[in-house]
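Notes follow once the structure below has been shown.
Going in written order, the chains are labelled A, B, C, D and E, and every chain counts its residues from 1.
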Amino acid sequence: MIKNLLSALFCVLLAASAHALTADEALGIATGDTDARIEAVGKAVAQPDAKTAEFLQALAEDRVKTAGGKVFVVQGEKAIDPVTGAAASLPSDAEDVISNNRMRGEIDTALAAIRLFSPDASQRAQAVRALAGEPDEARLPMIEKALQAETDGAIRQQLELARAAILLASEDPAKRLAAARALADSRSPATRTLLVEKLASEPDRAVQAAMRAALRSVESSLAWAERAGQVFSGISLGSILLLVALGLAITYGLMGVINMAHGELMMIGAYATYVVQGLFQRYLPAEVFGWYLVAAVPVAFGASALMGAILERGVIRYLYGRPLETLLATWGISLMLMQLVRSVFGAQNVGVENPSWMSGGVVVLGSLQLPWNRIVIIGFAAAVLAGMAFLIARTRLGLFVRGVTQNRSIASCMGVNTARTDTLAFALGSGIAGLAGCALSQVGNVGPDLGQAYIVDAFMVVVLGGVGQLAGTVYAALGLGILNKFLEGWAGAVLAKIAVLVFIVVFIQKRPQGLFAVKGRSAEA
Amino acid sequence: QSGNTIKVGILHSLSGTMAISETVLKDTALMAIEEINAKGGVLGRKLEPVVVDPASNWPLFAEKTRQLMTQDKVAAIFGCWTSVSRKSVLPVVEELNGLLFYPVQYEGEELSKNVFYTGAAPNQQAIPAVEYLMSKDGGGAKRFVLLGTDYVYPRTTNKILRAFLKSKGVKDSDIDEKYTPFGHSDYQTIVADIKKFSAGGKTAVISTINGDSNVPFYKELGNAGLKAKDVPVVAFSVGEEELRGVDTKPLVGHLAAWNYFMSVKNPANDEFTKKWAAYAKAKNIAGHKDKPLTNDPMEATYIGIYMWKQAVEKAKSTDVDKVIAAMGGQTFKAPSGFTAKMDEKNHHLHKPVFIGEVRADGQFNVVWKTPGPVKAKPWSPYIEGNDKKKDEPDGKSKV
Amino acid sequence: MTPLLMELGAERVASHTESGGRAAGWGRPAIAGEVDLTHGRILYLEDVSVSFDGFKAINKLSLDIAPGELRCIIGPNGAGKTTMMDIITGKTRPDAGTVYFGSTIDLLRHTEAEIAQMGIGRKFQKPTVFEQLTVFENLELALKTDKGVKASMFFRLRSEQGDRLAHVLHTIHLAGSEHRLAGNLSHGQKQWLEIGMLLMQDPKLLLLDEPVAGMTDEETVRTAELFLTLKGQHSLVVVEHDMSFIRRICEVVTVLCDGSVLAQGTLDEVQSDERVIEVYLGR
Amino acid sequence: MLTVKTIDQYYGGSHILRGVSLDVPQGQVTVLLGRNGVGKTTLLKTLMGLVPIKSGSIAWQDREIQRLTPYQRARAGIGYVPQGREIFARLTVAENLRMGLASQPASTPVPPQLFELFPVLKQMLHRRGGDLSGGQQQQLAIARALAAKPRLLILDEPTEGIQPSIIKDIGRVIRTLASEGLDGQRMSVLLVEQYYDFAEELADQYLVMERGEVIARGPGTEMQAKGIRQLVAI
Amino acid sequence: MNAIVVNDNIPSPSGGGQGGGSRVEGQPAVVARAAPTPTLPQGGRGLLSRTGWAGFLIALALVCGVAPLLNLVVPEGSAFHLSDYAVSLVGKIMCYAICALAMDLIWGYTGILSLGHGLFFALGGYVMGMYLMRQIGRDGNYQSELPDFMVFLDWKELPWHWALSDSFIATLVLVVAVPGLLAFVFGFFAFRSRIKGVYFSIITQALTFAAMLLFFRNETGFGGNNGFTDFKRILGVTIATPQTRMVLFVLTGVVLLAFFLFSRWLVTAKFGRVLQAVRDAESRVMFCGYNPVRYKLTIWVISAMMCGVAGALYVPQVGIINPGEMSPANSIEIAVWTAVGGRATLVGPIVGAFLVNGAKSWLTVTAPEFWLYFLGALFIAVTLFMPQGIVGLLRRRKDAP
């Protein structure tokens, strides 16, 4: 990072005579009231040198301290003097330099301006994006200079858009016209705002027309992005519902256990993820921390599966054939598991981080950012589904599970070790709940109530799909997810949720056995 | 009073949905009581805490209150978090002429002779926060998304804020009010909407999202690329405890308004946080023994207990009416670094207001604060008719 | 009911069959809710078809039953016998065709409960009784009486109803077991109980799906005799695979195969039919 | 050879089996007769381990099995056709047959002879078991038990609901199974049957039960002479 | 009457068949011996056994006589004094017991597990709550005729659905009519569509969940999340006095006992046996000529109305009603009480409600941090060791010797 910056600066230095950061400047940037600090940043960046960039970077990362009128940059364990770069000893009364949002914004812009000349294309692309937000005439020369040097087509295009955005305010109608035409290619919502704003005050007919055309084009691409976003969020919600329901599709759908502790088995998976994260933090080098989640997947599965196996052996197995009693017993189990977690981990939520590769998102269609964590979860849900479908439909264990749950004693007479099959099946369902918990830890709370928040949804999905029908579960999850998101965009979250529930009530009237009902005689048997 | 001890009730949910927030208040209260006992108790008698679990069930709050007051005969109750639990308890404490200390920020619009409110009223939290957002340093926000969980505290707060914003010349079209159900966990649409709304001008989000939904909200916010410097979010229900469950790196710069932050530097807070860390370790309090955190309601609980102690000592009795009379004007050197004072009349504290920005480590940088404590206005002047309200409870209990 | 009445009934039935129902029905007004037998048919199926996922279980089946007739239906496994009963009792809706009870009641327009109340009773192939109720309660529920909600709230067993119940209990060999839970009966006992419930219900048309399966020979004989006493007053459709039983009770036998009628006639005729031997009886 | 010695069984308070003893010799068909509710099904269930016995012993191939679970007995080579079909309604016919192979290694195929005996099953391989007609289900239940080529076959009223021609086939098959088995090894057969003629024709041995006790037994050839038909009837 | 009469002497059929497959040859005709008429149980022998009546009367006396005496007359210091706290606790639990009883009718006897009974309870409670809100009059925070929350929402007049809330008579009617009507409409469609088992359970859950969200909304006009509290009067009488509380207590007790008798009457009538038959084999019930939809609908509506009454009695006693009562977990709890006590026993659910709620009240004080372990363990133990619930266990004990 620092190295890149330095080489970026090198380019700048070619163009203008650099001016070295002084101790006073550093102090001015770090202390005082925000207005003065911003002014100081402006001055320093006008002719930046490597030290300035380094210092700004440290500020942006909250690594700057002051003590007794001196400024220090903290680097790991040591402190250095930002001006000389020499190691310095940090006084014990040193105070953090606190930058508020406004200050941080200025620092980022300043850094972007410097990075515009970085040899690293991705750095430059990022810098253009950062600068494109607010068109500012003062930046025009810088952008033009960057445009001259730029070779990368995509970045050029972005730069041109940024320039056009600035030129839209130009005195010269010809320039405005060109700018308006150029902006038709933009897909950013900021452009629309800009166009709307400028259109109101545009005197020139031709420019007006061009602006209107540009506006239409921007709006249509924005509308597409919005629709795509809605579908994505629907699928994403659906994938979460699916994960949450899949385990239940086994323990309840196949085995007939009204498993009120399903949510708590998810919770165990989530806490297992938390524990793995903690172990990585404590015992492994920071570079591998990002992979904790990969390690957490089997651990979460295993922890929940083990708990499931214990529950099956200890309680559930005595209740086969008495499904309503399983409701009562698993309700009791769920109370105990929640309290157990409160006793062990505390009543408050615990923090589970997205690994860096799952943070942020990928920008598509210009303005739509799809978060990585959601994309990964969609993929994960698909993988779990595929694995489970294979296991249930294609393997002997799957066959035994289905057979045993339909007629336990006869399956036993056929030579199926029903006790083992039951335990395995319940552990499998529980393990999948654990996987769901692991996934949920990436988007929501990890706390003692995690399970309670999803249990109702989980049952609705399984039942709506048709009990024992894996395909039904899938359709129900995705359908509810997308329906919910479309309604939410239209009626708000609360009414959407109510509408979805009412939809379920009405839908079941039409299909009293769920989406994928078993038809014919076998339904009664 | 039985024997040599004075019983006090602690009425916080230790199970159910609110346990997440309330459990730690129970521990804070126990810590304060232990401290007081270590220094000889009150009026020479030791305090005996009676802990009950109302289990996040509002009618159970009322039942437990009656039990604490009639069976255990406690001298005062420290408890409740949600407004609805307080409202459930209120008729009982009024009927039996008891004392409740309520430690959480709330929507105001209430005054009871039998309740002391040690959390913030809207003017001690929400209004200053919005003023800050509108200031240059706060980013000069022109448009506002009022986002909350669908219940009374957010609704009321937003109503007050809307009136306030209007008085500052913000148009209705620049205000977007949105609610999510309790326990809502999918904020994709909301965040997308905020993004869209923010394209229309400098936007800030004022969040009254209730505890549990915050984590998914902030996670979504972080991953959808909405940065604090573009669209700052100021929250009234997010403190150090809530951020425990979030990866705060992408959230740096988002804001919260409270009357106390763990990160404020002053001797009183140093002592408070150290005591808490030691207590959590000694009592093996899950979560806090490894990562002790303090927050505003804990501070408010702590202040409440000490002020009650002082009032009892002043009144030389635990008699409720005498204690109520002695409460007015009590002061306490609070961990916030300021001296909190119980208003002579309106049963609320005078408290300073801090605005903090989230740091990467889950703590807050105080970026703004009031010069001194602010008097609470439980009857918000932004609500019609409240100007006629008396700023003190009716003298008689309301039976 | 006295023997005299029985005789009268038998006469009426005879006139029905001889004249094709015309004589008996001539000039009689059709009473709503009453089964109209003017055409001498208590049950009438025409061109009924039903298929499950493309498999034609019933294929253009036409069949009619005269009042008082005891009709046996045989046919290979999977011929569609049970499905036919499902259609008559409203459990399965056919894809095409008409099903009439008497000459006025279109059964396809009625629910299971209504059909039962009109007087069609059924014994299932797999015995189905109320397992959590006692034998007595099972019979009491089946008793022919007002089956409305209010009526059952205020229902009290009258003494003649009680007598009838006692008789039926005796007939089905469960006297002394009336307080046992039906679920604890053996397979054969459940079969009997279900027949008993049918007797209590006193329907005009009885559909019996394999009534003697799992019964001893002695009981088979008893059942046959029972059915013979019912015949005349009631119409019966009996599905069985037990040829000796059929021989005992039946004049006309219908053979179903692949969802439609393969042959019809006396048992001897049918038994010598090559096609029937081929698909059903075996050599 | 299966040897049952003085077993007693209770449902709740009522004594259902009273000191029942019997032998099922290798390669022979033993027929158990008795009126409704005398305890035949109960006896077979105790042999399979579906209901516990109070006292007595059950030995199969010189090994005591009364403590074993049903699946262990199935793996020991006992096949069972329960009364009332009890097929897996929501599994396909093919899957039902594979369930029958549960005691065998995973790769064991379904013996093709079964489809010769019950051609309808071949046609309906992918139909759900519960959708079959009653008789088809009964055929499936028999085929399922045979799939694993058991050494001892226990049948509870296997002809119930089956059309006459197939009953004849089943009779022939049971004979062959006893003498040759499906793969050359002789099978022992214990058959509960109400259909007297069918039973008499097949019986190498017979037993008659009455109120939970065995009241008569002997070689099949003597059945007529001893008036067993009347014994069962009255 | 065209009844089937089975003659004792069945005429033997002439000549057995000789054809192949004949089973019976040369059998003598079986002549059944004349049967002694068995003693038949008569339906409606009386609602309760002798000990049952004794217990009932004792309970009635306790509720109507002893409890008021111990609470109001015996002085507070005395060992026999019944505290106000105990009165309010037992009063509350009796309301729960009514719900459990209602649940038992629909679940225990008819086999329909409702996961939405909390909704009916809450609706009854809300109807009563609206009345109590109106009774506050101008004594609220804002000294307006309108309830405080409406003033706060800037509403100028009562919304239409509050129209009848100032009439006590109308309230009494609506307490049963509102839950009853909702149950009727919902049940009519659901039962007609033949929604059964868990499908029914889940849509009842969806229903109560949706209602909860709806009631959370301030716009709905029921006070949002806070619901109604701070009641002052009922029928003009101050609500928070020991006397009023005792009246409500006695009333609840009497209603509970009356509902018990009523339920007993329902289930001992043939009606009850039809319900049980529906539970065991619904299609068979249809083939017997009963229309199960009517039966299910009747008991469903009755059950909902009972819950409504329970809710109406509950609200003035606990002093608050809010949408939390409609949360799915609350409805599940009703089922839990019923199962703990013993399904299909009538006394069971009452015992269950008292046991579970009593344990809850006791344990949340004596073991606030551990009580969930105890309660959870109780539920597991009941299912494992008492399949018929507590009452079932007692019965078996009694039957054993």
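Structure notes:
By our rule, a contact is a pair of C-beta atoms (placed from the backbone, for glycine too) under 8 Å apart; a residue touches a chain by one contact, two chains touch by 3 or more.
These numbers were taken from a predicted model, which means no experiment stands behind them.
Under the contact definition, subunit A and subunit C share the contacting chains D, E. Comparing the CA-atom centres of all chains against that of subunit D, the greatest distance is found for B.
Comparing chain C-alpha centroids with the centroid of the full set of protein C-alpha atoms picks out E as the closest. Comparing mean CA positions across the assembly, the chain most remote from subunit C is B. Centre to centre, using the average C-alpha position, subunit A and subunit B are separated by 30 Å. Remark: subunit C and subunit D have CA centroids separated by 32 Å (rounded to whole angstrom). Taking each chain's centre as the mean of its C-alpha atoms, subunit B lies 75 Å from subunit C.
Those residues of subunit E in touch with two or more other chains are numbered 20-23, 27, 30, 213, 216-217, 283, 369, 372.
The residues of subunit C that reach two or more other chains are 52, 217-218, 242-243, 281, listed in rising order. In subunit D, the residues that reach two or more other chains under the touch definition are 131, 164, 167, 195-196, 233. In the complex of the two chains, the subunit B residues touching subunit E come out as 14-15, 50-55, 57-60, 62-64, 66-67, 70-71, 83-84, 87-88, 90-92, 95, 109-110, 150-152, 155-156, 159, 179, 181-182, 383-385, 398-399. On subunit A, the positions that touch subunit D within their shared complex are 396, 399-400, 402-403, 406-407, 409-419, 468, 518, 520-525.
For subunit E in complex with subunit C, the residues that touch the partner chain are 1-8, 10-13, 16-17, 19-24, 27, 29-30, 32, 35-38, 40-44, 266, 269-271, 273-274, 276-277, 279-281, 283-292, 294-295, 298. Of all residues in subunit C, only 1, 89, 91, 111-114, 116-117, 121-122, 124, 128-133, 136-137, 140-142, 144, 147-149, 152-157, 162-171, 175-176, 178-179, 197, 199-202, 217-218, 220-222, 224-226, 228-230, 233-234, 242-245, 247-249, 267-268, 271, 281 touch subunit E in the complex they form.
Across the interface of their complex, subunit D is touched by residues 52, 55, 75-79, 81-83, 125-126, 173, 184-189, 191-192, 209-210, 213-219, 241-243, 279-283 of subunit C.
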